[in-house]
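Some structures are shown below for you to check.
Here subunit A shows up in two complexes: once beside subunit B, once beside subunit C.
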Partner chain A sequence: MTIQKENSSETTPEAQDWTDELERVGFIRSIFLARRWYGADWWFVAISTVMVIIFVIVALLPGLFAPYDPHEIVGSRFLAPGEHPAVPVLIVPVDSPFNSLKDLAVPAGESRPPVGVVQGVPTGGALNELAQVIDDEIKNEPEGLRLRPRINRYPNIEEALQAVADGDDLAAVIQSTEWEGGMAEQFPTLREGQSITGEISSTGGFFMGTNDIGQDVWSRLLWGTRVALFIGFSASIVALVFGVPLGLFAGFLGGPVDRLLSLVMDSLYAFPGLILAIAITAVLGPSVLNVIVAIAVLYIPTYYRIVRGQTLSVKEEIYVEAAQSIGARRAEILWQYIFPNVIPSVAIIFSVNVADAILTGAGLSFLGLGLPPTIADWGIDVARGQRFIQTGWWMITYPGLAIISVVLAFSMMGEGLTEIFNPKLRER
Partner chain B sequence: MSPIALIALVIGIPSLLFLIYVFVRGSVGLRRYILTRIVLTLPMVFILATLVFFVMHVLPGDPVSSALGPKGTPEMLARIRTQLGLNDPLIVQYGRFLLDMVTLRFGNSLVLGHRPIIDEMSERFPATLELVVPASILALLIGVLGGTFAASRRKRASDYAWRIYSVFIYSLPIFWLGLMFQLLFSVRLNWLPVSGRIDAALGSNLVRITNLYSLDSLLTGNWPAFFSVLEHLVLPTLTLGLILSGVFVRMTRINVIETLQADYIAAGRARGIRERVLVYGHALKNAMIPVITLIGLQVAILLAGAVLTETVFSWPGMGSYLVQRISTRDYTAVQSVITVFALLVALISLAVDVVYSLVDPRVRY
Partner chain C sequence: MPDDILYSIRNLTVEYKTRAGAVRAVDDVSLDIRRGEILGLVGESGCGKSTLGKALMRLHTGPASITAGELWFDGRDLVQLSENEMPDIRGAEIGMVFQDPMTSLNPVQRILDHITETIKTHEPQIELEKSDARARARAEELVERLGIRPERLSDYPHQMSGGMRQRVMISLALALRAKLVIADEPTTSLDVIVEAKFLDLLKELQQEFGLTILLITHNIGVVAEVADRVAVMYAAKMAEVGDVNDVFADPKHPYTQGLLKSVPNIRLNEGELYKMGGAPPNLLHPPVGCRFAPRCPHVKDICTKVDPAFEPVEKDHLASCWLYQEAPVNRS
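After this line comes the complex of A and B, so read on.
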């Protein structure tokens, strides 16, 4: 219970010493000294600030940390985290000129090269897909080559390989692990060619697995930071830019303007934000900008209410009255005497709002609204993973954890700041 | 009688009687307060309806052409636009919209058999109610007890533990929590059903009276159906309830802390009243008043959470209806659902304020 001991020792004379000391030391050092006053709350803010800085760096330079492009297909589908990816390789006779799938292309009109695969194993499908991709690539080249292998299916690996050894097939496609696990010795006349997926296949496995089309979950997660933080910050800043001045003016001027604005803002505040955002994005159509607009509209009332309330109470302070009596202009009073008082609350709401906006944005994209489905975004990834909940837990779990850690950083900051700045809660 | 009317009667008649009782027996100040509050609800409903109208009719984007898709011929488009009155001047559309929404004439769905929207809602609304009520109760239990406990041990380890709980819960995406529950309890352990309200076989022979399945199965003594309903309710309720409880813990804690600093608590302490009695008896009772109002304001979180929870668990309530109709571009349905949500928010905040004024005699105009 060290925390309590520190608190009980903070009697008035000592606290006085601290304030004196704070005035002597610089700003940075005073932040560190503040730890003695605020105990765990200081740590809340400190840890979350470090987390936020890390997230901002990742959001600015995701390419530096991500091993792959978030949109590129880098491996087989549904690879579990760390699972050794099955690499389908081409097996050819030792003296064969063919090395990769592309070498099997022949001029249009010639007979299709026979390739053996094992029945009931996904390599056959993969072979077809990849051959199609390569075929589309080379189709328009001047050589006029086409790649349309004739696929022969065999009941087991031995028969498939035997067909190649006998010269019935030009090549066979099996998993590299199967070749290395005994087949190489059994068929000395054959050799291993390249993997049919070409350069992109990784043998090290994927830290967080791959998704339903074979993209790297970890890379998508890192790139998703950018969209999440962009939406969170922009929406909160837009809301702040509208909400704070409105709250200041309404609180300062009072009268019918204040009453009308407050009625509108209170109604907006009471309305379920996500539902309004759903409606707005559904009408405007999917784009990052529309999501920001939809979320910003929701948070204007939050700033408005707090700033207005504070303005109302500060307006009655003696020093404002004093400023009025020495003839300060109204704009001056508003800017120099009232505005500085609302800054701490605005800072708290801002950090909570960023957290909220990220959550709402993720909710919107989970529902399939808001963001275009091609963007690497956590909500979209979770929604995609939901369809494969029986096979791939990692596709749902990791993007969700990413949302939590970012939101947690911002809301922890808000929580700590509230406790530090809210004088109502300070112990007597 | 449609289920929605039944539920409206069950909730509406007692609250009306209660209101009349309060009016007859209450003081002049109370009467004036409640009247003012009711009058103030009208502009709120009006503003929210205007907002819905603005979003659905004034923002760019043509709902009809997107509803028809590429199949729609220009003639069809023009016919439906005239039918819906979309060619009239905006101000005429606005007036008609307000009138329709206030009298609950929602019209027919644009897609899927063109059913009256009110019929679809009367099937959907009880489902949402069945989810939202137990979730709120769960959240209240956790929130009030946890928050008070944390406040009574301010700045001690258990206080920090509860605060971290509330911040952590607040940071959970509700849809993700639901999916994690599904992964653990349905996919891995196979204890509970993944989605839906009731087993399909049991659902087909359940007699529907109110469309609240738990109530219907109880009324007809259909025990297998009742247990199936409970089984399906566990995960969605847990998801929504836990998420809500984070906010409740936080609010209760702050309010109890404020109350614990009051002079009468210090006086009680000086007289030797036990700390537990002070916290759970004296302080909590007074702190509950602002807490209830604040909780009343969380209807927004509750409804937004319901939309996501229903989507995750394929729960056929209002929220999943909204999402489903947005994807089929059925804009009359979308606009009606949002209006109903707005009405709900306004009515609940009115109810909370009235109850508040009854409990706390300081609240008067």
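After this line comes the complex of A and C, so read on.
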């Protein structure tokens, strides 16, 4: 307190005004002061809430952030993060009018354009095939152009490029990575044209690389957020919708109803979580709905036990007896007196449960039991990446980190809220 | 039942079923509560006075049950009513104020909702749109009468002091013009000043609304201050009932005598305060005969063998003690 006083006396008049203003603004002030009230937990909740909000936004609008379709093959396989895809590109003299393979087409009867390739690499074959495709396309057009390049094979890249520089060949076809990896400096009179396939961009790599079939890891990650959060939230909501009323009734009615329900719930609870989920999905088959059902069944006992326990203790509160003494009926007592006093603990379990459900969902997909493999899901991506962990670390790392951060964000929020709302824990 | 008696308890027995056996917390108790009076019910902890208070509304739960007796309230025997009929009596005709005002209000409901819910529960005939405004107006009038500013109605219970919450509890009982208010140690958790104010308020309300109040307490001073009549309970039995002035001036039952002698007094010298020997009996195995016999300074032979009847000693002054009764002759 003394330090604060010193500070405030030293502040300039303007700063004083500003702090005064802050004192008057209720909401902002309370946020600023929250740290003092709740200690470190406040930061926990603040940071994790921001993370959760970001994840929710991404989950709602993945298309806005993802550069590619998650299912489309958009690049070469196994591209490391930031690595440019190795696509065969046309290398032409700087002043050449040619830019793409199609530009090399000439009227029928004229001499075939010479194009250089390197011996023993697949670009030559690719060039032939693509030229054939383009040739078939344009052959019936009125211009009467044909594309039948004369392919000259050279023992190495330097010679192939030298031939272009010397004017022996009109163009050369090499891998874009080779051109960027030093050839561009060696042959300043040449420039890079388009990729001969024409579709896949040769410029710009993939932020998180590509996977084993050439899909963009980053896009799949963003779209996977939607699946993960959808499963997490739906499973928790379904569990809540079943678990809370059951817990309320069992705790409130007591007797045989309570015993029977508790027996069922405890036996469910006794199963190791993932094993039970595996059993359920194995029976139901892979689909998003079945995963939600399996995880929800897993978490119903959690809600049931907490709500039942809370109901049992709230039921004995004097205000419930007081409610009876003013003539409240059983339904009113349950709905107006017990239920609202049980909600806070339900809200806290909910956020922890969402994290848990996401983890279980990912675990199921990892085992190949959860979702159909066509869905962009973190668990599936991790399982896939695991097979190529030696050649492509990025495939397993990024979805793994995504799972960790989502689970952490929800758990931190839940735990932080518990700390803040539960005065008994805070006194310790 | 004479017209001036609002609530007649006849031979009421309430038993708690425990693992060790049935405990009679209220054993064959008869008591009349007259219209418009404040009846103080005193006794030490565990003598069954709170159980009796709850049994009057049939609020006892779990292991407790009424095993015998009648509860004649305003011409009806509440023991005969079904569980579904009881909510109509509770709140509307009999209100209750609990010992601990800090926990007797729902923490997630505003004060206003407490009162309007009570009104709406019992008067569903009020049309829905109007009921809120009307219930609010009534609630405002009510709490204002009890010394709470109407704007405090939108507060939650935790924003109010103990005395205010106790007044809110009273207002719940008054909201429907309950005929009988059972106040179960209402001032135990209040400090002396708030307690005095609260007792004044009770007295005022009793006179203003013609309220009948059963004041359950272990504080004899409180009874002396506000009650018209007093009932003394000992070990689940009624020991003495009579007008406050009569009982305090001339206590008949030795337990009452001891109780009054052991009230601290500023004029007493050190060591002069009376201490009653012994301890209350275990209700699982109550002593044969009069329950006070093991501690009684006037104990006679008959006391340890036969339980005395609860009979008038003077006009309007009943006691259960062999000192005032003929020992039965035809004893075998």
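What to note about this one:
Rule of thumb we're sticking to: the second predicted complex is superposed on the first by the 287 of 428 C-alpha atoms of A that agree within 3 Å, B and C clash if a C-alpha of one lies under 4 Å from a C-alpha of the other, contacts with A are read in each partner's own complex, and residues count from 1 in each chain.
Here, a contact is a pair of C-beta atoms (placed from the backbone, for glycine too) under 8 Å apart; a residue touches a chain by one contact, two chains touch by 3 or more.
For clarity, every value in this text was computed on a predicted model and none was experimentally measured.
Aligning the shared subunit A places subunit B and subunit C next to each other free of steric conflict.
Once the two complexes are laid over each other on the shared chain, residue contacts for A:Gly182 go to neither subunit B nor subunit C.
Contacts of A:Gly82 after superposition on the shared chain: neither subunit B nor subunit C is touched. When the two complexes are overlaid on their common chain A, residue A:Ile318 makes contact with subunit C while staying clear of subunit B. With both structures placed on the common chain, the touch criterion links A:Ile389 to subunit B but leaves subunit C unconnected. By the touch criterion defined above, A:Pro155 lies against neither subunit B nor subunit C after alignment on the C-alpha atoms of chain A.
Of the two partner chains placed by superposition, only subunit B is touched by A:Leu276; subunit C is not.
Which of subunit B and subunit C touches more residues of subunit A: that partner is B. When the two structures are aligned on the shared chain, A:Pro372 is found in touch with neither subunit B nor subunit C. Here the smallest spacing between CA atoms of subunit B and those of subunit C, following superposition, is 12 Å. Chain contact summary for the complex, subunit B toward subunit A: residues 40, 43-44, 47-48, 51-52, 55-56, 59-61, 63, 154-157, 160, 163, 167-168, 170-176, 179-180, 182-183, 187, 194, 254, 257-258, 261, 297, 299-304, 307-308, 311-312, 322-323, 326-327, 334, 338, 341-342, 345-346, 349. Here subunit A touches subunit C in the complex through residues 317-319, 321-329, 332, 336-337, 340-341, going by the rule given at the top.
Contact residues of subunit A toward subunit B in the complex are 1, 3-4, 7, 39-40, 263-264, 266-276, 278-280, 282-285, 355, 359, 362-363, 366-369, 379, 382, 385-386, 389-390, 393, 396-397, 400, 403-404, 407-408, 411-412, 415, 424-425, 427-428.
Residues 57, 59, 87-92, 94-96, 98-100, 103-109, 117-118, 121-122, 169, 172-173 of subunit C touch subunit A in their complex.
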